[in-house]
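Heads up, the next two complexes both have chain A, just with different partners, chain B and then chain C.
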Partner chain A sequence: MLGNLNTRVMLEYLPDIWQGFLATLMLSAAGFAGAMIIGIVACALSIQPLRWLRGPAVVYVDAIRATPLLAQLYFLYFGLPRLGILVPEMVIGVIALSLNSGAYVAEIIRSGILSIPRGQVEAGKSTGMTYLQRMRLIILPQAIRPTVSPLIGQAIVLIKDSSLLSLISVVELTRAGQMIAIDRFMPIEGLVATALAYLVLYYLLKLLAGVWVYQNRLPGRA
Partner chain B sequence: MIEFSSLNKWFGALHVLSDISLSVAKGEVVVVCGPSGSGKSTLIRCVNGLEPFQKGKLIVDGTELGGSEASLRDLRMEVGFVFQQFNLYPHKTALENVTLAPVHVRKLSKAAAEERGRALLEKVGLADKMENYPHQLSGGQQQRVAIARSLAMQPKIMLFDEPTSALDPEMINEVLDVMVSLANEGMTMMVVTHEMGFARKVADRVMFMDRGAIVEIAAPETFFTTPKNDRTRDFLSKVLQH
Partner chain C sequence: MFWMQLDRVMGYWPVLLKGISMTVSLSILSLMIGVMLGFAFGMIRAGRNRMLAQIVGLYVDFFRGTPFLLQVFIVFFILPEIGIELSAFASGVVALSNVAACFIGEIVASGIKAVPLGQSEAAASSGFTRVQQMRHIVLPQAVRIVTPALVGQFVLLIKDSSVVSAIGLLDLTRSGWVIVQSVPNGLLVFGIIGFSYFVICYPLIYLSRRMERRGQATIL
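Right, the complex of A and B next:
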């Protein structure tokens, strides 16, 4: 099936694939940045003791994790205009990606924080540190390490999820691949070209994760 | 300095501390012993507010526990706590472990905190380990860093919860020596330990707890030679065998 792949057509559409690649990269970067902000806030709310602040954060995380991204995307796509909020599809797409991944990011950070032994908190408490000092000086610096790999994993999921934005006619990688299918009726060529581009993104992130882990080895450990 | 009046604590239905009344004077060293689960840790954890209690009164260094979060923090600056499992910060060097709270809580300058930290680490015999991370230190060395970390806040009271029971036998003495010299300097101390040699040497009073209550408390000579209670005698015969 792949033996008689029409590479000439694939090369001909290279500029379109490249544009789609850049668009996916930008959408994902923006989406992930938003997800980090939302995730950190939701996590902070969900681990602090005040119930009326914790409630909304827990509901948000549960609601996102319980429903499909496609439903969330359409909900915003049709729902926002009803509220009189008229923004480009691309912006709706980024909001959907941020809201969706934000819930997972919140859970990843939360489990990183919960993985720090209770004794660390008690050591900080017993020297008179405030909650924020314990978080900043003791817990968070230790919680970053176990969260980096799962966060990069979530970024990879987000990149793949961004293909759904093609359904609300945002032009990105998947959409660019579909063009080859539609214009030339060569669906396999389009799919292979996009798959290769996603693979490049995947390895870029994997490399990034490797570099971070290497540069942040525990001091004094090989 | 530490004043328990009819203090009671429950974990759910479990009555962990029942009617504790005890007064520890300034400069006094009280050793607490008793079987596992008798409430020793819970008792000293109440003193710096790591455990809340439900009934009775506890006054430490003039502050009544159970007040505001801020008054609790002020109190904790004056009360050092040494844990069985050391609880050193693994991402900080020995010196950073010791200077962290003085800089951020006492608001000492970094230079002043380091000077104090170096002096303390020297005092506990770790002059050559200041830049080591906890995982590069032996258990005994880690526990000495932990003691120095507490002392760096210049507390008025030091609490120890089985500071040597996670250590290999050959490291126990290096930690006890530090505690002995601290006691001789006049520090007010409550020490949960089964090191009866230490109790004999420096304790002003030794206390035996069982099932959340103080069974017997006496000066070491009396406590070890003529214990009044059967349970104390039974316990002593077990711990003094080895």
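Right, the complex of A and C next:
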């Protein structure tokens, strides 16, 4: 089956695949930046002591985690024009990706913070530190270590999720692959080329996560 | 205006119901196949045959590293090329259970590796064969370790099932897409769709969280 793969056509369409690859990279980078901002804010809201601020953050995280990205994407795609907000599909896509990943980022950071032993907080309290001082000087510096690798994992998920933007006609990697299928009626060539491009990103990020974990391992542990 | 539209959306309840039953049946079927296949993958990945573990690892990496939408297309377009003609529903089940098996496989493998080596050594020294060790000693403990993660994976599976609407299956997401063509209020229609997903998924999320907490309590 893969023996008669038409590599000539794949090479011919390489510039299109490359464009799609760049578009996917850019969409994902923008989406991840947005997700980090939203995630940090949602996490900060969900761990601070005021109840009426905690509620909305919890509802946001649960609502996102319990619904599929595609439904969220359509919600914005069909819903925003209704509110009189007319923006390009690309922007809708980035907003959807940010909102979706933001909830997961919030959970990742929250579990990083909650993994800090309670004694650390108590020690901070007993030396007379305020809430913000404890956060900034004791908890956050320690919470970064356990969150980096799951965050890279979330970046991988986000890159893969960005393929759904092709369904609201944003031109990115998956869409570029479909072009070959439509132009030449060669779906396999397009799909294989696209899959390889995604795998490059996947392995790069996986490697990055591995290197980071190795370099930041705690002393005395294998 | 709002109530009129809500009324019109509710007039489409047969479509909605069809979508819900499609999403649920896709998810349950793929879940069962995915769990069985996933446990097989996991045992191979954590097993002693290095070669086999590497091959399965490459396979799993391919499906963990590419978007699910692409995999749906691959199943839908490439399998017919090698003579396997599948309906859209069967393609959806194949793609979903395959990706679920890949993720569940890694979870199960990590669970098996988390069971202390002494357990299987003790079993070996009391005369258990390798299969018996796995069945009676290692797997039961591994299952307890991975259950919260598995339940979390089920939620992902249900959500991933929305992607098969791209090959024309009328699932919950697709039913929203159909309804929004005649009731042009995306916020309302997909609000209802989102709520339906929430009703299906949230109990599982809640369950997974509670099990995680209980698991921590026994460890600490």
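The rule is short, and it goes like this: the second predicted complex is superposed on the first by the 208 of 222 C-alpha atoms of A that agree within 3 Å, B and C clash if a C-alpha of one lies under 4 Å from a C-alpha of the other, contacts with A are read in each partner's own complex, and residues count from 1 in each chain.
Going forward, a residue touches a chain if its C-beta (ideal position, glycine included) is under 8 Å from a C-beta of that chain, and two chains touch if they have at least 3 such contacts.
Just so it is clear, the structure is predicted and the values come from calculations on it, not from any experiment.
Annotation: superposed three-chain arrangement on chain A; chain B versus chain C shows no clash, the two fitting side by side. Contacts of A:T194 after superposition: chain C is touched, whereas chain B is not reached. Contact with chain C, but none with chain B, is seen for A:L164 once the two complexes are overlaid on the shared chain. Looking at the shared chain after the overlay, A:A33 reaches neither chain B nor chain C.
In the superposition on chain A, A:A71 contacts chain C only, with no contact to chain B.
For chain A, the partner that touches more of its residues is C, with chain B and chain C as the two candidates. Of the two partner chains, chain C is the only one that A:T174 touches; chain B does not reach it. In the superposed model, A:P141 makes contact with chain B only, not with chain C. Look at A:E122: by the touch rule set out above, it reaches chain B but stays clear of chain C.
In the composite built from the two structures, the nearest CA pair linking chain B and chain C is 15 Å apart. Taken together, the two structures place no residue of chain A in contact with chain B in one case and with chain C in the other.
Residue ranges on chain A touching chain B, taken from their complex, read 117, 119-120, 122-130, 133, 137-138, 141-142, 218-221.
The touching residues of chain B, when paired with chain A in their complex, are 48-50, 73-74, 76-77, 79-81, 83, 85, 87-91, 93, 100-101, 104-105, 132-133, 135-136, 146, 149-150, 153.
Only residues 1, 62-63, 65-72, 74-83, 156, 160-164, 166-167, 174, 177-178, 181, 187-188, 191, 194-195, 198-199, 201-203, 206 of chain A touch chain C when the two sit together in their complex.
Residues 61-62, 64-70, 73-74, 77-78, 81-82, 155, 158-163, 165-166, 172-173, 176-177, 180, 184-187, 189-191, 193-194, 197-198, 201-202, 205 of chain C touch chain A in their complex.
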